[in-house]
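The following pair of complexes shares a single chain, chain A, combined with chain B in the former and chain C in the latter.
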Partner chain A sequence: MKLLVCLKQILDPDVPARDFQIDPAVKAARRGGANLVTNIFCENAVETALQFREAAGGDVKITALCYGESSAEDCLRKAMAMTVDEACLVERDGNTNPDAAAVGRVLAAAIRRLEQDGGPFDAVLVGRESGDWGVGQTGGLLAEELGRPALGFVESLQPGNGGVTLRRQTDVGIEVAEAEPPFLVTITNNEDNVPRIPKTRDVMMSYRKPLQKLSLADLELDSEEIRAGSSIFEVEEIFIPTDEVECELAEGDTLEERVDQLAKRIHEVVASIG
Partner chain B sequence: MDPTQATREVFWNIEYTWLVYVLMVPTLAIFGWGFWLKIRRWRAGQPAVRFDRLGERLQLFLRNAVGQGRTIRSRYAGVFHTLVYTGFIVLFLATTVVAIHHDTPLHIMKGHFYLVFQSLIVDVFGLFVLVGVALAAIRRWISKPNLLVYTDEASWILVTIFVMALTGFMVEGWRIAVTDDPWAAWSPIGNVFALASDPLMSDAAMQTGHVVIWWFHLVVAFGFIAWVPFSKMSHVFTAPLNIFTANLDGYGGSLKTIDFETAERFGINHLGDFTWKDLLDFDACTECGRCTDVCPANTVGKSLSPRDIILDLQGLMHRQGDQFLLNGNGNGNGSGANASDELLPIIDQKTAVSPEALFACTTCAACMEACPVHIEQMPKIVDARRYLVMEEADFPEGMMDMMNSLESRQHPFAGTQFSRVDWTEGLDIDVMAEMDDPHEAEVLMWVGCGGALVERNRNTVRATAKLLRKAGVKFAILGREESCTGDPARRVGNEFLFEMLAKGNVETMQRYGVRKVVTSCPHCFNSFRNEYPHFGGSYEVYHHTQFLDQLLESGRLDGHGAADSSSGSSTITFHDPCYLGRHNGEYEAPRNLLAKVGGARQVEMERSRNTSFCCGGGGGMAFVDEPPDQRVNQERAQEAVDTGADVVAVGCPFCATMLDDGVNARRGDREVKVRDVAELLWDAVGDSDQTVP
Partner chain C sequence: MANVAVCVLGSLGYDRAAQGAAGAGRALAESVGGELHALVIGPAADDAVAALAAVADRVVVGANESLRDYQPEQALQAAQQLHAAGGGDYVAVLLSNDTYSQEIAPRLAHRLGGSSMADAAAIRVDGDHLLAQRTAYGGKAISIYRLKKQPAVVWLRARGFEPAPEQGAPGDVTSADLTLDPPRIRITGREVAAQEGVRLEDAPVIVSGGRGLGGPEPFQELKKLADAIGAEQGASRAACDAGWVPPNWQVGQTGKKVAPELYIAIAISGASQHLLGMGDSKVVAAINTDADAPIFKHCSFGIVEDYKQVVPLLTEKLQAMAG
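And now, the complex of A and B:
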């Protein structure tokens, strides 16, 4: 069996609030001093694929795919350290903020190229959403591009009778489904697919595993077209909401005085808001 | 009676004396064979350089082996061990005198030497042995402290030594009585036996008793000698050797580096991967239990027991015997991983070397400081952790988050709300990357993650910076270019991550030509001082208390500040950070500074200086949730609170947070504050218009 996991490199969501800044021109977060990390749901997807391989008893090949800047190689190396077999990076072309539809098209083109060379992928795993924009559409749009059936919010894949048994989270509980490859799933997190810490030997070995690099031109995609995006929505403005809190203390020598003062101020404030 | 003619007949009343020499042959053969087995096992270990710096080694040997420097730290055990130890030496010398007198032409056992040494002194030291063994027996059989291991072997050793000494006095007494020895008074203990036996026994009975007991004494003594290499009595030889070959670089520099290019395994899970010195450590253990007695994890009820780790590994080494020799890759000639995999793993849930115990260690090195024979427990624990972390990726969850954060953010505090430079707000501190000439900075102030990113410690680094400025020190920081030194990764066992971080920092510091470093984190301090030189980073390193102490001493820092010294009226107790004190031997600088905190009274906790008790935060434990009833920080906080001090002074960001939590849980209604020495000093000598906010 062959599995493909899509990864996204994002700005560290744990960046301290004061370090988080926005570049209004690009309508995106500024990198600043923050680190880049693999999106957590993508790591959950890698872990889910690895656990499927372990349950299936080995004869499963896992490929990691990323559309991102050259720094995203770190995410792919880490996935390979977690024992993903091979990786492919589609290098981003100056487009700092591609929308989900554009990403879906790039990934689909890359997947088709990889399938040409190495045969079809039985399952494509995509993180539920990313920790930066949280749009949550890439999985669905990619499935559309690939013409595959898709299921969202899946938390585990197990080898089933001839197919794959999926567990997915729904509003009313866990749904168990049997799926016949090929298909696409978006992966959510649960306590069982916490990404593993790689063994040091595997970290070292990850540098010896194949990492293929492709450009948009290699995929015969027009970078201008990708940059233009094809979403049904456009980001008009992004900003950091500010909460301004004014604090005043109720004055008074005794508790009664302070309570009276407090009540008086509440009345005044309520009246002023009208 | 001419005292110059005084002597006694060797082998009085004994026939077949040739039998003594015949019996000596198998005795010495077994003795030699036993030690040869041991030496062969040790030689199967990996190489270690422990016969260098002979002068220092000899000094250590004289102080702690011959002089029993560490053994006597424990009063009761120190007394009885000294009695038995000195008794053994004197009785051995006496036996040697007899041998020389009888078997060589040098008839030295006569005259005043015979009377004073061979009779009086030997009798007194023989009594020492009896008393010493009795005291040991009282402890082992009556008071039964927890730190001992209660084996039959240990009891038999006491019985055997007692019997040897007692029978020695019996044969001496009966000889004196039967021969009417004119020099009897010079052998007071033997004479007591003689006087007591005289009215009760006939000469013939005493003579028969003498022959029987004489041979019995000889057989017991020879048996004991043959038994030495197979029992913990072997410490008579292994302990001095272990002390001579001890690590001379301090506990802070006791972890090995790994060559990741060539290492077959990372960390240790097989005996053959230990060095010969590690294997010698196992055989040097006397089961005294002092390591476990002082272990913070053990004290609060966790399963970690350094004593049992050493003893279980000793047992494993003895059980594996020749198999270990054949399969181990000792001397680098073995067949490597496959062969070694047939060996039993050292990490075993069913023994003291369980993952749970290994991951309870705070690497405080109290065990190593307590060990009378310089066994190195902590590095072995880290060796085994390395195997679990790097080969098995098996470790507690808190440590996993910490390592994840180190990997992606170069600091261990996932979720911190601060950046590395937030604390400098309003202080206008030079950042090396923004300076025209970073070489202008006399010293790099290494802030450390614990100082910059943890709210309660930002005050400490602010105070340190202000004190440096007040003294006119030209300093700068690395700001966002600073990374964790890698200490928590290294202590947890992730040597790979540590090496990456260390190399990165060395590179950054090289870029700015850093030569002098001052830091308020003892963990960073230790890494720079003892570990970075292995990665090409050699600096003049100061803990902030050392640097500030020098500034005060030299007068650069004016100790007569106008600031509010209200804290001066308080009582302060100083908590020695493990990585400043035990690991690096600095106990005075912080205390000198506290003496400057106007009018404050210093009190000491019972466990202080080299016997200080860990705050519970070392070894990556600051990132692990301890069970509520097994918290090392609360144990320590209680001790601090019990001194009656209203300020607990610290010199480490990890101690500060651990003790803050602990003190808040244990202080009751009293107001007890945990404050860094730098904060207190700034309050005392800082400028009044610039008190630390």
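And now, the complex of A and C:
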């Protein structure tokens, strides 16, 4: 079987709020001193794919694909250090507009190109949403571009009866599904797909693994619309909210008094709900 | 003339989220001078259809029996066909924020040649386009998007919108006969989470615990507090990742987005990841040892104290007050 995992490189989402700034010229976050990292749900997707390969115990090949700047090579190297077999980077200029439709079209074209050369992918895995814009539309749009069925919020893939068994998280609890390839899933996190730490040896080996580079021109997608990333939506405005509220701290000489005050406030609110 | 559609799942009925989505839809319909239509995926209870007819100008139900059992490919096909059955002339198709609507929305947008957007907290018309507001960068920023193609297919932070008002006369209800292909991904089983009480998203009061609790045992203590005030229990990502409580307790960017009347954050520092999940709460109370914790910038009242000292005493007092 063949699996493909899509990766996105983003600004480290753990940057403290006090260091976070907007660049009004590009209507996006200023990078500042922040690191670039792989989006966490994408790393969960890599881990989920690796666990499928281990469970299948047989011949499963995993490819990582990223549409990003040259710096995103780091994400692909890290995926290969986690023991993904091969990688492909579709190079994008500095534009970081979040238009998921353009991204979906680029990823679909790259997937078709890779499939021409190496055969079809049974499953495409995409992170549920990204830690930067977080719009969470890429997986669904990519499924439509590829014309493949899809399931969202998946936490594991297991070899099933002639297909693949999926487990996913919903409002009502866990759902189990049977999928016949080819299909797409968006991956969410759970306690079992926490990304593994690469072994030193695998980090060294990752530099010997193949990393193919494609341009938008290679994919015949070198249009203004794709490059600008604004086919279905664009950022009109972005700002840092200043709706911090004044917190009233419980006061009093003794703990007893302070907790009593807190209890009264809580009781007040609860009683008002009725 | 252009209309607005609200797309609801028959199996979920006309719940608070659907009411909010319809409310947002009515406001939008008024601003474009069009009608509000309700597109219902799958058979729905009579009272839910009646409630929709009371607020919408037209209701189209895709009543195929097979739609009772949610399958994403079929629900998507149904939504697409209902869109056409309703006239297809929609500036916007609005959905609520249940898991199913979330996964359908972008794919429906693609099939209709429209724009997709997620988790909108506010929407309005601007010229030929819809503008949608939502959080970005894990809650550190607010972004407003211009949706360039019609229809704008948007799933909403639905409970944040006022329910739709009832109209003078109920809207027409019609049934559409849909053609559905067998799904290539089939949901075969559901393990309904052993979560007592209501869904976290619907809970009026939530007591959440975080990393500062240091382990699973203190959640038992928090449960007593929650029981005393009829609250559901939630947790931060740190507490869930550590395996102290089930993952479906998680409130935050990577967990549930909740909007209770009262949210009590205990030993939660208030990382933006978490704030994104509970920022719409009406009243927030915090218990934390660190006076500089970000949570104190996002709460109405709180106490700077070790939860170990506070919670048992607080529970006792609240039990007494509840009488």
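Brief remarks follow.
FYI, the second predicted complex is superposed on the first by the 232 of 274 C-alpha atoms of A that agree within 3 Å, B and C clash if a C-alpha of one lies under 4 Å from a C-alpha of the other, contacts with A are read in each partner's own complex, and residues count from 1 in each chain.
The rule is simple: a contact is a pair of C-beta atoms (placed from the backbone, for glycine too) under 8 Å apart; a residue touches a chain by one contact, two chains touch by 3 or more.
Everything numeric here is computed off the predicted structure, so don't read it as measured data.
Touch criterion met: A:K199 reaches chain B, while chain C stays clear of it. When the shared chain is aligned, chain C comes close enough to touch A:A143, but chain B does not. When the two structures are aligned on the shared chain, A:G127 is found in touch with neither chain B nor chain C.
Between chain B and chain C, it is C that contacts the larger number of residues in chain A. In the superposition on chain A, A:E175 makes contact with chain C only, not with chain B. By the touch criterion stated above, A:D12 is placed in contact with chain B alone, chain C being left untouched.
Contacts of A:N35 after superposition on the shared chain: chain B is touched, whereas chain C is not.
When the shared chain is aligned, no partner comes close enough to touch A:G68: not chain B, not chain C.
On chain A, the patch touched by chain B and the patch touched by chain C overlap at residues 14, 17. On the chain A side of its complex with chain C, the touching residues are 11, 13-15, 17, 20, 22, 29, 40-41, 100-101, 104, 129, 131-137, 139-141, 143-145, 149-153, 166, 169-180, 183, 186, 188-191, 194, 230-241, 244-245, 247-250, 255-256, 258-260, 262-267, 269-270, 272-273.
Within the complex, the chain A residues that touch chain B are 12, 14, 16-19, 33, 35, 37, 196-201, 203-204. Contact residues of chain B toward chain A in the complex are 260, 266, 389-393, 395, 400, 403-405, 408-410, 414-420, 422, 480, 494-496.
Partner chain A is touched in their complex by these residues of chain C: 72-73, 98-100, 102-107, 109-111, 114-119, 131-132, 134-138, 140-149, 183-193, 195, 199, 201, 204-205, 229-230, 240-241, 243, 247-248, 253-254, 261-262, 264, 271-273, 283, 285-287, 291, 294, 296-305, 309-310, 313-314, 317-318, 321-322.
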